[in-house]
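Contents: one structure, followed by commentary.
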Amino acid sequence: MAHRRTRVKSWLPVLLFIGGAVAAAVYFVENPGSAMAARVLTYDHLATLAAQHVGMVVISSLLAAATALPLGILISRPRLRLLGLVLENLVNIGQTIPSIAVIALSFTVLGLGFNTAIFALWLYSLLPILRNTYAGIISVPPGVREAAVGMGMRPWRILLRVELPLAFPIIMAGIRTAVVVNVGTATLATFIGAGGFGHLIVTGIMVRRLQLLLSGCILSALLAMLCDHLLGMVEEKVKTSA
Amino acid sequence: MKRVMSKYGIIWLISLLLLLPLLSGCSGGQAAQAPGAIDKWVFATDHEFSVRPDGLPELLKFYGFEFDEVRIMDLGVTYGALKDGQVAAAMGFATDGRIAAFDLVNLEDDKNFFPVYNPAPVVRKDFLDRYPELEELLGRLSPLLDTETMISLNAQVDVENKDPKEVARQWLLEQGLIREEASAPTKGKIVVGSKEFTEQLILGAITIQVLADAGFEAVDSTGLAGSEVVRKALTGGEIDVYWEYTGTAWLVHLGHDDPLTDSEECYNLVKEEDLARYNLVWLAYAPFDNTYTIMMRKADADALGIKTISDLARVINEGKN
Amino acid sequence: MIRLEGVTKIFPRQRVPAVKNLSMEVGEGEICVLVGPSGCGKTTTMKMVNRLIEPTEGKIYVNGRDVADMDPIKLRQDIGYVIQEIGLFPHMTIAENIATVPREKGWPEDRIQQQVDILLELVGLDPEVYRHRKPADLSGGQRQRVGVARALAADPPILLMDEPFGAVDPITRAHLQNEFLSLQKKMRKTVMFVTHDIDEAIKMGDRIAVMRAGELVQYDTPDRLLSAPADDFVAALVGHNRALKRLHLVKAGAVARTDVAVAQATRFVEEAKELLQTNNSPVVVVVDGLNRPKGVVQREELLRRNGRAALQDIVNPLESVADEDATLYDALSTMLNYGERYVVVLNHNREFQGIITFGYLLELMKENGS
Amino acid sequence: MGFWSLVVSRWNNILESTGEHILIVVAAVCVAVIVGVALGVVITYWRSLAGPVLYFCQVVMTIPSLAMLGLLLPVFGIGYKTGVATLILYSLLPIVRNTYAGIQGIDPAIIEAAKGMGMRETTILRRVKLPLAWSVILAGIRTAVVMIIGIAAIASYIGAGGLGEFIFRGISQWNLQLVLLGAVCVSLLAVLADGLLKRVEGRARR
C-alpha cells in the first residue's frame, strides 16, 4: 500500500473530534426526538457502546499488529521468498472479501458475541499490516542491507537497526489503514450481538428514528477520524524523528 | 515476475474456492448443558424489538421481571443463539419455521401483552383505483395463509435452505393459483415491497408471482430493512404494495399506545384509519398471527415447568431472591 | 595478508563459474585493484574475502587464517567495507552511520563519539557541522567520504572497496581518489579495491589484477601492466594511449623542478630579471614571507616592465597549480585547462615546492617510455 | 446441503444478484469518474483548492460505510439510490487523487512545448494532459472499483440489492453456505474487475 500523505499534524483536530463527539452525545441524549430513541440514547448506554466499540478496535488492532508484524518479518526473509509471494497473493485476494462477509463468516463458524467480533476484526486487519510489513522490509535498498551484512552486523541487529526503522513509515501506514478499517467494520459487529456504535445505526434504520441513526453515524465517523488523525500524527513523528 | 504473480493469483483463487466449501463443513454447535441448568438469564433480541413501544422494555414492565443481560443482534440470529445455548431465552416470530425445527417452544402470552399481527396486502388508494382487480387477485390469497401453512413455508426457507421465490412458486402451483408458464406482461407495472425477514420475503414472492401470472409487470423490491422503511416506501410511491401486519400499523404507523388483542377488531380499526389518514387500502387479512413471541429451548422449559411468560417471570424472580 | 588459493565460485543454477581457480596474494599495506569488464568476477572475488559469498572451491586466508574457519560476523567486523554511497543507512545520522561497527563491537559510548569525530576530521568533514546530519543532506562526494569513514571506524587492518567512487562526478572522483591516497600513505591498510575504470585502477593500485570471465589474466604493478601487457585483452583494456596513462604513475611533487625563479613579493622587477638570467624558467613565482606562492609573472611580461616596479604590483593570480600528490596526468590537464606551459606544485602546507614545465614533461615521458 | 448444490440451486438468484451488484458499482463509478476527474482537473488549476479537496476526500474515506449509508439514507431513501450515492463518495478519493497526481506528474517541458506551438489551454488539457495522465487515472479507478465492490455488499442492508443479500440472509439464517456464497461471489467479482482494469491500464500505458 502506498504512503498516505498527512497534511495536518496539530492537536487541534484531535480536540475537535473529541469535543465534537462529546457535544454530539450530549445533544442527542438531551434531544432524543422520540420515546423510542430516548430509551437507547442515555449517557450510560452511550458509554457502554463507546467502550464496546473502542474495546473491539483496540484489542483486535493490537492483536493484529502482534501477529502480523512477526509474520510479515518472517515472510520477508530471503529463504521464505516463495512463501512471501504466496502469502502476498493470498492477502490481496483476502482484501477483496468484504468486511461484512468476514464478520458473517466468523459468526457462522464461531457463534455470537464480542469474541467473535474481535476474531473477525483481527483477521481482517491482519491483511494490511502483514502486507505493509512485508512490502516495507522488501523495499529496503539492497545496497543498504548489503552494507550492513558486509560490516558484520548480526542478522537480528540488521533487522532491528536497519530494516525495521527503514520500513517503519510503511508499516505504520498499514497499521493506520487497518485501524480505520477496523472502526468501520466494528459498526457491523452489532449484527452478531457485539454492540458498538453500529447498534445505534441499525436500530435507527430499523425504526426510522433520525436521532438514533445520526448519533451512531456521527459518533462512529468521529471515532474513525480521531483514530486516523492520531495514527497520522504518530506516522509523521516517526518519519521526522527517525 | 508479473506473469508469475498472476499465475499464483489464479492458482490461489482456485484453491480458495475449493478450500472454503470444505471449511464450511466444520461449523459446529456448542455442547449442550443439562436441561434447566441456567445460571444466567441472557435474552436475545433484534434491534427493533429492543426499542419498540410494544417491544421488550414494556414487556418486562408488564410482566414485572428483568433479564440478567440483553444481547442485541440481527433478526433471525436469535433462534440459532437460543438453540446453541448462547442465550437462555429469545424473541422471535410465532410463525417462524425454526421454532419446531430447533426444538424451541413459544411461551404463552398469558396476560395478552402482544398485540395481534395479522398480515394483509396494503396498497395506496389511487393505485387500487387504477387497478381495481388487485382487490380480488390478492384477496384470494389471504384466507389460504393459516399458521400451519406459514410455519411450513418459513421452515422450507430457514431450515431446508430453499430459495423463498422457489418456495412461493411451489406453494402457488400446489394451490393452483398460478400456471406453470407465466405469460408476457400485458398490464401495468407494480412494484412489490417487503421487509427483510423470511416470511416477508415469501409473502413478497407470492405476491409477485400472482401478479405476474395475472399479466402485470411485477417489479421485485423485496427485502427492505424495517417496518418504517417499507411503509415510507409505500406512501412515497417507491413501492406499490406490501404485506403489513395489523398490529404494527396500529402501534407504529398510526401511533396508538394501546395494543389490540382481537384480530377482527384490530383489522377494522386499522383499515378505517389508514384509509382516512393516509389514503391506504388494506385488502383481506390472513388468519395467521405473526406476533412476537418469547421462546425457550423445549428441554429447559419442560425441566423448569415454564409454559407461559408469567412462569418465566416467576422463575427468574425467584432465582434472584 | 590476503591470500586466495585456487578459489572457484559457481552460482546455483549456472553452468559457467563466476570465478575460476583464482590464486593471488595481496601484501600488507598494499592497494590491490581488481579490474575488468562487468561480469568478470571481480566483485564476487572481493565478496568472498568477507564471506558475503562462500567459495565453491579453494581457500581464502586473511592474516594466515582460513576465513572458512572464522565467525563471519567477527571476520567482517575486522574488515572495512565501502560500497557506493547507496550503502549508507538513510535513517541514521552521519555519526550513527560511522559508529555502526564500533557499536556492534560494544565499544564504550564516549570512545565511539571520540572516534566519530576523529574520523570525520580525517575525511575532511567538520564534525560540528556534519555529525547530526542525515545522508540525504550531503552531496555525493561527502556521502562517499562518510562511507570511507564508516569503513575505517573500528580501525580494521583490511579494507574492501567496491567501486567506492563510482557514483560521483569525475572532478569529485579525482578529489576523493587523491584524498584516499594521502590517507593511505598514513594508514597503510591492506586494500582490495574493485573498479571497472582502468584509469582509476592505474592511479590507485600498487598492484592491479586484471580479470576476464572469472579468470586472472595479469596481476602486476601498474607500470608493468602498461609497459608489458600480458595479452591483447589487457592491451586493449589499458588502451592505445598507454604513454599518457603512465603519467598517472608519477606524482608531481616527486619530479617538480626547484631550480626556478622564485622571488619575494616585495622585490623589484630588476632583481627578478636577474634571476631569470640564471635559469630559463618561463615564469617568476612570487611568494610571500612564508614561502606561499601569491602569483606568477610571465617572463615576457617581466621583460617589458620598468625595473623599479615592485613585483607585488604586477603579479598575476596563480591559476595553474597542482598538489604535490597530484599525478603528472593531473598536472598536464591543468596546464591544458589554463593554456599555460607550466604548473606550480605546492606541498600540503600550500608552500612552494617546485614547478613543472611542458618541455620538462615531454623529457620525462621520453625517459619513461623507453 | 453442500456448497456446490447450493450454487446450482440458486444459480438464477446468483446471476440476478451479481447483475444488480455490477449495476450499482458501474453506475457509481461512471458518476464518480466524471465528477472525480473534473474535480481533479480543477484543482490542478486552482492549486489552493487541492489541499482542502484532497483532505475532504480523505476524511470521507475514514467514515465507516454503515455510517455513511445511514447518513445518506434520510436524503436518498431506501434502495439503490443511497447505495450508489455512498459508493460515489467512496470512489472519489482515489480518482481525484490520481487525476491530480497524473496531471501534476507530466513533464513540464511537454506542456511548455504544447504552449509554444500555440495550443489553447482547453486543447492542451484534452489533447496532451488527459491522455498523458490517463493510465494513472485508470489506476485510481481500479482502486476505487475494487474497494466499492466490497462496500456495495454492505449497501444491500438498506435495500440496494446485490450480492450482499446472500451475506445478510446468511447471518439471519445462521447459514455459513449462504455467507460463503456471497463472500466468494463478491471476492471473485473484485478479482475479475481488478484483472480486467489492470489489462486496460496496461494497454493505456503503452
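Which chain is which? They are A, B, C and D, in the order written, and residues in each are numbered from 1.
The definition used in the following text is that contacts are C-beta pairs under 8 Å (C-beta built on N, C-alpha and C of every residue); 3 or more make two chains touch, one makes a residue touch a chain.
As the structure is a computational prediction, the values presented were derived from the model and not from experiment.
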Shared interface partners, meaning chains that touch chain A and chain B: D
Closest chain to global C-alpha mean, per-chain Cα centroids: A
Pair joined by the larger number of C-beta contacts - A-D, A-C: A-D
Chain at maximum distance from chain A, centres defined as averaged CA atoms: C
Chain C and chain D, separation of their C-alpha mean positions in angstrom: 59
Distance between chain centroids, defined by C-alpha means - chain B, chain C (Å): 88
Geometric centre distance via CA averages, chain D-chain A, whole Å: 22
Rounded Å distance, chain A centre to chain C centre (Cα mean): 55
Contacts with 2+ other chains: residues of chain B: 9, 13, 16, 27, 74, 77, 225, 229, 232
Multi-chain contact residues (two or more partners), chain C: none
Interface hub residues of chain A, defined as touching at least two other chains: 93, 107-109, 191-192, 202, 205
Overall pattern in which the protein chains touch one another (line/ring/star/complete/other): other
Which chain pairs touch, all of them: A-B, A-C, A-D, B-D
Chain D to chain A touching residues, read off their complex: 51, 54-55, 58-59, 61-68, 70-71, 73-74, 146, 149-151, 153-154, 157-158, 164, 167-168, 170-171, 174-176, 179-180, 182-183, 186-187, 190-191, 194
Chain D residues within the chain B interface of the complex: 1-4, 6, 9-10, 13, 77-79, 157-159, 161, 165, 168, 171-178, 180, 183-184, 187-188, 191, 195
Partner chain A, residues of chain C touching it in the complex: 47, 50, 52, 72-79, 81, 83-84, 86-92, 100-101, 104, 150-151, 160
Chain B to chain A touching residues, read off their complex: 4-5, 8-9, 12-13, 16, 23, 26-27, 30, 44, 46-48, 50-53, 57, 71-74, 77, 81, 84, 86, 225-229, 232, 252
Residue ranges of chain B touching chain D (in the complex, touch as defined): 6, 9, 13, 16-17, 20-21, 24, 27, 74-77, 79-80, 157-158, 161-163, 165-166, 196-198, 221, 223-225, 229-230, 232-233, 236, 238
